[in-house]
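There are two complexes below, and they share chain A, which is joined by chain B in the first and by chain C in the second.
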Partner chain A sequence: MAHTEQMAPARDILRTYGIHIVLAALIGVTAILSPAFLSGNNISNMLLQAAPLGIVVIGQVLVILVRGLDLSVASVMATAAVVATTFSGQDSDAFPVFVVAMLIGLATGLVNGLLITKRNVSPFLVTLATMTLLQGMRFAYTQGAPSGNVPPIYRVLGSQTFYGVPYNLMILVVLATVFSVLLHKTTYGRQVYLTGGNPVMARLVGIHADRITIASYVISGGLAALAGLIYSGFVGIVDNWVGRGFELDSIVAAVMGGVALSGGRGTILGGLFGAAILVVVFNAVLMLGMPIEFQIIIKGIVIIAAAAIYVRRA
Partner chain B sequence: MLTISKVSKSFPGVKALSNVQLEVKAGEIHALVGENGAGKSTLTRIIAGVHKPDEGTIEFDGEIVHWDSPAAAKAAGIHVIYQEFVLFPNLTVAENIFLGHERRGFLNGIDHGRTRQDALDLLNRLGVSIDPDALVSELSVADQQMVEIAKALVHKVKLLILDEPTAVIAGHEVELLFGRLRALRDDGVAIIYISHRLEEIFDLCDRVTVFKDGQFVATETLAEMTNDRLVSLMVGRDMSELFPPKSSAPGPVVLTATNISVKGRVHSASLELRAGEITALSGMVGAGRTELAMAIFGGLPMIGGQVAIGGETFTRMTPSLAIEKGIGLLTEDRKGQGLAMLTDVATNISASDLGSVSHKGWLNHGREKEIAVSEIANYRIACRGPQGAVLTMSGGNQQKVLVARWARTSKKVIIMDEPTRGVDVGAKAEIYRIMRDLADRGLAVLMISSEMPEVIGLADRVYVMREGVITAELRGDEIAENRIIQAATQKRAS
Partner chain C sequence: MIATFTFLTKRRGGLLTVIALILVLTIFGVLVSETFGTASNALNILEQSTPLALVSLGQTLVIITGGIDLSVGSMISLASVLLSGITNGDPLMMVVALATIMGAGILVGLINAGASIYLRVHPLVVTLGMGAILQGLTLLYTQTPIGKMPKGFSQLAYGKVLGLPIGAVVTIAAFVLTAIFLRKVPLGRYIYATGDDATGAQLMGLPRHKVLFLAYGFCGLMASIAAIFLVARLGSGQPYTGQNFTLTSITPVVVGGTLLSGGRGGVMGTLMGVYMVSLLNNLLNFLSLSTHFQLIVQGLIVIIAVSVYVENKRKV
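Entry: the complex of A and B
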């Protein structure tokens, strides 16, 4: 008994700061093994890659907080990217591209939210279906071989830096701040946590739990579309598979960051720390000269480690 | 059969049991009672081999035993039925009964025919007609409980322990269960029966042992015991102090529900609630009481009827509208419908009234904390402050969190569904006093209760429901057990 009593604080520390310790350890070890890892250039590069994932993670956290899951985010990203090149590729098209992409993202989120709340279908099935549907429509539209150019302004936002700070990172920071403030300082945010914490109770204390849930999916869809536009500017070429894997990466990041899959617990900042770990791991594999396949293997190991730390959280 | 002497058990920071004794004979049903925290669960776990005692001895079936695992206790013939059943919903009744003791046949594969036949034999021995091929998920809760008991019979049970078995069943199901337990007793099985419901204990048990604060208080024969004496042994004070005095002058009608119908559950029920009065809604579980209250509050859709409050009439209600009009509802299911278990006390208190802790949508955390601090003091909620998690609190204190929440928003009517379920006797008295205070402050209190003593002891007026219909309205001296039972079980009495 005395043994467990002594263990308790250590375990608490691990649970509260586990993610920070893991991130610090990863950075430390990689930096020792490969000094180039901490070069300004490489850091800038990592931040550039982190932003689109981070933006998707914000939406994913909002969805998981209301006991959901959004698998359609990557498909929305790719669709938005295809839209980005549909017009003439001039800066004058930037605004219509933005509007069309956002409408697709928001509409997808709305369909997800309505089916989940009004028809009571599981989030997994609904978002798997919209993911597939969007993918099919995208393929039909591009006939498998998308072409065209991204408006230059998106290239700037997606891949340029301002005194070493990527523009897309600034967008991420602004969005993360706005949504964190919404979650923690407003009644909207409180309703998100109450809805996720106990949906039946939420309804009985007068919260429109369905609306709150739908809002999470709509926001997730919108943010995914925005991330898709920014990512298309980062990649530069058009691709049917922009953002491939982001649906699982964003869920993994959220869970590693302490967002409970059972809903009602977690923060955006936590999710972003999770995303940072993924980006550092991917980058470390390259910097250490390991084969690219190691990215996937190490990702698996990191997920298991995170799961082991958080498993007794609830 | 079982003799426990001088057993003590400590957990870090808590002395759960201190030098307790318990003696249970073969062929008796022995009640174990005490408030929450009295040490009943800890002793159960020690008997079941989950915990080891720090001191003291356990003698079972004539031998001093030192079980080091639940399996060892089970093998010796001890079976515990916990409040939460340990059944696999997607396996059949027969598979559940023989789980871990599968009937083997050819090549050591499972012999489904024999599994089925043996299960049928056991169920017949219990005198219940449950299809051994049915999935457990398809059974009623009462039948699931019978499957749990059948599992005990597989192991030639000598000592059966039931922890609050009637918390999940009601009415004639309870009678059925008691019949089975008496039959097992007559077969020579020793039974330890843990319950908060004293009527049941007098009805069923032969002897009773009372624990208080981890200590042994007394073991007595129930035939020589009165209800009042048992309660005073448990709480250390008199029964008459349990209920506050009734109201003499009820105020005006504040809510009128007319011909409310809820699909399949409530048929054209009408009632009036008065300020300053505690009105009880009595009747059997399943009579439609919860559904009627939910319809008034907007938690369930009404298919007919109307609710009048504050000079307005509504044919459609929603919880947010009801809250706006000054109605509050404490559900019977605290965990599932009442509280966000993983969040803190302050968040749970403010949940129904976010407007009071915010300005133009911006939360005022300081104000929220102030409110929580004052409500914690107001209702004497035992917790680790506003940031304490509700998950780890006792049933009585969780209930007080809900009272604090709803007393803040309920300006006219507060509906409390089974307000003392799973709450120990001491906290019950406190909740009764709070309910009377709320009525004295001018609220109309509607209490749904299955416990006869609290209906009779607390309510100023009683409606009785049966199969979705209100069958009687009783007041004053009419509020008596026989009148209520008559209205609850027979066709229209009034």
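Entry: the complex of A and C
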């Protein structure tokens, strides 16, 4: 017994602060090996890349909290990006572009949520299907070769900084704050945790679990569309694959950040730390001159390892 | 008579629906196109469905255990570049390459099963991660189509036995053997038991670990064999060959009535599902709709199929 009592705090510290330790260690080691890593330019660059991922992660965390998974986020992003260039490409069209892209994202989320709750279909399969569906629609619409320009204001939001602080990072900070407050300070937030943690209990105490679940998917779809617009401004050119890989990245980030795939446990801040680790790892792979394919391999190993570490908590 | 009919529709409702859909699609195809109803087009569909059929066969077993394998697409890509890359036109090296990729397929499957058993991570996450690792390895090996196969290897895709494409014969044999295995061999029954109620199966002393290793190992092997037929058709291995197979391999399984929750379904439903999907894609080609529409249709089919079957299960 004494042994367990002594061990428990150490293990708790590792579980609670493990991700921060890993992030600090990663930054430290990479900075020693490659001095350019901590240059202002590179840090700005990393933050610019981190913001769209972070925005998607917020939605993914909300979905995973209610025992779900959203694989359609990357497809929503790319579709939003294609929409962004459909109009004249002038700032006067920035608002219509925003409305159309958001509608696509929210509608996708609604379809996901309805099928998952009302038809009881596995989230993974539903979102995989809507992902494919959107991909097909996008390809049929663009004939495989999208063209046109992103309205300049999205270029500013996606790729420029205000005294070194990227605009898209400011958007992320605002969104993360709003949704964290919603999760931790409101009834809605407690309902999200209960719905994911114990759906039967949630129903018994009178929570509309279905509505809470649908809301998560709708939010995730909307945030993915927003991230797609911002990311298209970062990339500058459109193609059919803007945001490719974000579905896996956002899930990896959430799982690394301690969001339990079994639902009901985890925070947005944790997910954002996970996203930060991913971005640092990706950047480190480049800075240390490794082949870029290592990014994908490391991602694969990391998600299995992270899931394995956190599963013992349950 | 009526009792038999109700029994049939209840137990085999999914299968009958799929067969009925295949008939409807065929009639529709014959009406809209003169060349659709020809024997050569039918053989064409049979040949083209081979890789999908083989992956879906492996996927069915995994899904019956209550799991899922999202690494098959990347496994196909890796196996196809290794096959033509190692062979590079040399018939002797081809033997080495074939042994390598089949071994690799089985190994990947065993790792998938082992990770989900011993790390206690859901197969969804394990195989998602494995898929990323395999795709990374594939791109590390090559970013462009690589190597070539010896002369005559394309016979595997275009040759015929008894008037049927070789691939179709292999497919049907593989499905029949697996169906018999699932029904008659105790280990085959244990696959259903494990998927239906993992804890119960383990309490009864059924070899749950063995079942999982078998299902995932078989699935990995099938992905490699599918890659062999793909390379035979394409002439060389390409790093993104398998990309679309991950979802595509699950579609026929759910369309054929195997439940994602495990424990129910069978391989013959999957085979019919494969033929339905292939027929539909073929029909879309005849209607001169771009391949983009195949994605749309596929997404819709999955959504409709899973909704329908879930309702069936609830009624029981």
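Simple rule for what comes next: the second predicted complex is superposed on the first by the 304 of 314 C-alpha atoms of A that agree within 3 Å, B and C clash if a C-alpha of one lies under 4 Å from a C-alpha of the other, contacts with A are read in each partner's own complex, and residues count from 1 in each chain.
We adopt the following convention: a residue touches a chain if its C-beta (ideal position, glycine included) is under 8 Å from a C-beta of that chain, and two chains touch if they have at least 3 such contacts.
Please read all numbers here as calculations on a predicted model, not as lab measurements.
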Partners on chain A (chain B, chain C) - clash or fit: clash
First, second, both or neither for A:G289, with chain B first and chain C second: neither
Touched partner set for A:G144, first chain B, second chain C, both or neither: second
Contacts of A:G40 with chain B and chain C, given as first, second, both or neither: neither
Which partner, chain B or chain C, touches more chain A residues: C
Colliding stretch - chain B into chain C, listed as 27-35, 81-89, 153-161 or 207-215: 81-89
Where chain A meets both chain C and chain B, residue numbers: none
Of all residues in chain C, those that touch chain A in their complex: 68, 115, 119-122, 124-126, 128-137, 139-140, 247, 250, 254, 260-261, 290, 292-300, 302-303, 306-307, 310-311, 314
Parts of chain A lying in touch with chain B, wherever the complex brings them together: 1-2, 4-5, 184-191, 193-194, 197-198, 200-208, 260, 264-265, 314
Of all residues in chain A, those that touch chain C in their complex: 69, 115, 119-122, 124-126, 128-137, 139-140, 143-144, 248, 251, 255, 261, 291, 293-304, 307-308, 311-312
Chain B residues within the chain A interface of the complex: 10-12, 297, 299, 318-320, 322-324, 329, 331, 336-343, 347, 351-352, 354-355, 358, 361-363, 405
